[in-house]
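Two complexes are shown next, each including chain A; its partner changes from chain B in the first to chain C in the second.
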Partner chain A sequence: MSLTATETQPVDLAILAVYDDAQIEGEPDFVVELIDLYLNEVPRLFDTIRKSVANKDRSTARRAAHSLRGSSANLGVLQMATIAGELEHLENDYSNVALELLSSLENEFERVKEILNAERQRRSA
Partner chain B sequence: MRILIAEDDEISCRILTNNLTKWGHEVVVTRNGNDAWRALCARDAPSLAILDRVMPDVDGIEICRHLREVESPVHVILLTSLNRREDLLEGLEAGADDYLTKPLDAHELRARLQAAQRILELQESLRQRVRELEQAIEERKAAEEALRNLSLTDQLTGLYNYRGFINLAEHHLKISRRETHPSLLIYADMDGLKGINDTLGHRAGSTAIAAAGQILRNTFRDCDIIGRLGGDEFAVLVPNIQEPESTKVIERLRHNVSEYNEMSGHKFTIGLSIGAVEIDHQHAWGIEDQMARADEIMYREKREKKGHEEVQKKPA
Partner chain C sequence: MLTEARTQTRRILIADDDPIIRHMVTRFVQLEGYQPVVVNDGGAAYRLLKTDANFRGAIFDMMMPHLEGIEVMRFMRSEKRLMRIPVMMITSEPDLKLMANSFAAGVTIFLPKPFTTDQFQSTFRLLLNHHQEN
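So, the complex of A and B:
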């Protein structure tokens, strides 16, 4: 599969690289730490979203989507940030659309995981 | 600088903390609004707070509002999501000093912190200056008070003050005893000064006190000792006098008071309740005991006048 020029990268590694500036000397790699936090957090948020959509608990779902959007944007995971933003601000036809968005988030996360894990490997090497 | 962070999102919190630590700041991390509020109310509260707009318990805007209610000097930077202009305005209205949008731009954060630090330093030097001025005022007041305590005259009337009167009168009593002369002690208390203050204001009250002092001055001789003991109370010690002169001089005082009231053109009238005691040269009492006697007699007159006024106040 070839990427077209207009397609957004799942992860903007340049954004991640900015956090090297915040690296404190003598401590473990800060970017690796952020990647680990993110990879841990996302499945938890997916879980929360799925359960709260099923329970029609929109405010919990919205809060989880908000967190997901924020964390994704922080790590340069831009596509996921966009989709999470849509989910956060969803108004009508709630459950169906929400589940559709959740499944595209999960698909996207598979690609993101690969890239982040590769980056993690590269840095830990 | 000591900086408080209130951010429930773990990743944002770590990014903030690492950056701030790296720049040499001391970071106090809280993960919800309640903890943040407690930390900001503490005695050694950080001078700057970075508060997330959205938190599960108490959000950043609410904390801002509380801080301004208690007039906290904490400089608040609010964190809001991009494109949420209404949050931003609400935050500034609630008393935030500045805002930053997420995802955070480290360069922007650093620049805002430098601006904040300048403001905080200015505010601190202002507060310091105010403290210095307040202290200077206190010192000056204390010095004036000390001077007043040292002085023997009353500023408003130019008569002797309590201290001056007692010292001089005591001395005169001793001379009178030695030279076997009787003296007259008059205690005079103004009537209705409170009413003048209440209805015409304190400046009119002061004018009335000064006028009473002037009446006393015009009534008595240069060698008599006249003092304003405080508030609306006056005393005169007339050395070397006896009846019928004693009665005459008191009548002259009453006459001068009513003459003043006829001529003055003021909205108020001056009234004096008078108590007088003759002091025999054989009397061994000191001036303060004599004054207590005179005060008692004066008070009797005052009470009688009040009764009289009650009768007069009936509608005409």
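So, the complex of A and C:
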């Protein structure tokens, strides 16, 4: 398990840029829309994971981690996708490790937010 | 008659609880010239399919709250008016056994996450070609 791995770039902007080919002329920037959805959704998923772990509801926590893994990977948020995958597939010593992983995700999300907000601003300029 | 109507419709049912993936898939379906009909989870897809069979294809996330994609698809395969609608299942589980079981249950094609616009486009066209052949 790699709770603090930092070698991977927080966001691979080249993956995000692939979605420029889904842009429709005259419509709002599609990538900015995806960034906004992601920035709104992640805190909601963190909240769901925290509450589910506290309630020992592993199924809901797993589903939220699964969702976080999928959307992170699709947007090139690779390190968060990796950690969310670890959380999704946890089996033993559940609560403590799950909360450690959630804390890693929250720290990583601070770095990710900076990059995505900068990309958002660059595109909106 | 029903089959003919279904061949002509351009409606595609999309069910995914993840707003980001849902937004992507909706856009990609529009870019292919089809009309997305979007619901937020498997339960909503099930309720809609009970009264509406007019879809050219369906795209479900494998893991959804209330009713998972595979369960909605099993319902479709048990109903005469829905059984010929091809189903694409989006999954982030690279589990061959799960995929084999899903094919056996009637999934037409899988799209693994993460996916690009091009990967979606190729998979979507295969889904609809399958529909035309059947």
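Rule of thumb we're sticking to: the second predicted complex is superposed on the first by the 119 of 125 C-alpha atoms of A that agree within 3 Å, B and C clash if a C-alpha of one lies under 4 Å from a C-alpha of the other, contacts with A are read in each partner's own complex, and residues count from 1 in each chain.
Here is the rule we go by: a contact is a pair of C-beta atoms (placed from the backbone, for glycine too) under 8 Å apart; a residue touches a chain by one contact, two chains touch by 3 or more.
Treat the numbers as computed from the prediction; the structure is a model and nothing was measured.
Following the overlay on chain A, a clash is recorded for the pair chain B and chain C.
When the two structures are aligned on the shared chain, A:S67 is found in touch with chain B and with chain C.
Judged by the touch definition given at the top, the superposed model places A:F109 against neither chain B nor chain C.
When the two complexes are overlaid on their common chain A, residue A:Y38 makes contact with chain B and with chain C alike. Comparing 60-68, 186-194, 240-248 or 258-266 from chain B against chain C in the aligned model shows that the clashing stretch is 60-68.
Overlap of the chain B and chain C interfaces on chain A comprises residues 15, 18-19, 21-22, 24, 30, 33-34, 37-38, 41, 63, 66-67, 69-71, 73-75.
Touching chain A in their complex are the following residues of chain B: 9-12, 14-15, 18-19, 21-22, 54, 56, 81, 102-104, 106.
Contact residues of chain A toward chain C in the complex are 15, 18-19, 21-22, 24, 30, 33-34, 37-38, 40-41, 63, 66-67, 69-71, 73-75. Residues 15, 18-19, 21-24, 30, 33-34, 37-38, 41, 63, 66-67, 69-71, 73-75 of chain A are the ones touching chain B in the complex.
Partner chain A is touched in their complex by these residues of chain C: 17-21, 23-24, 27-28, 30-31, 63, 65, 92, 113-118.
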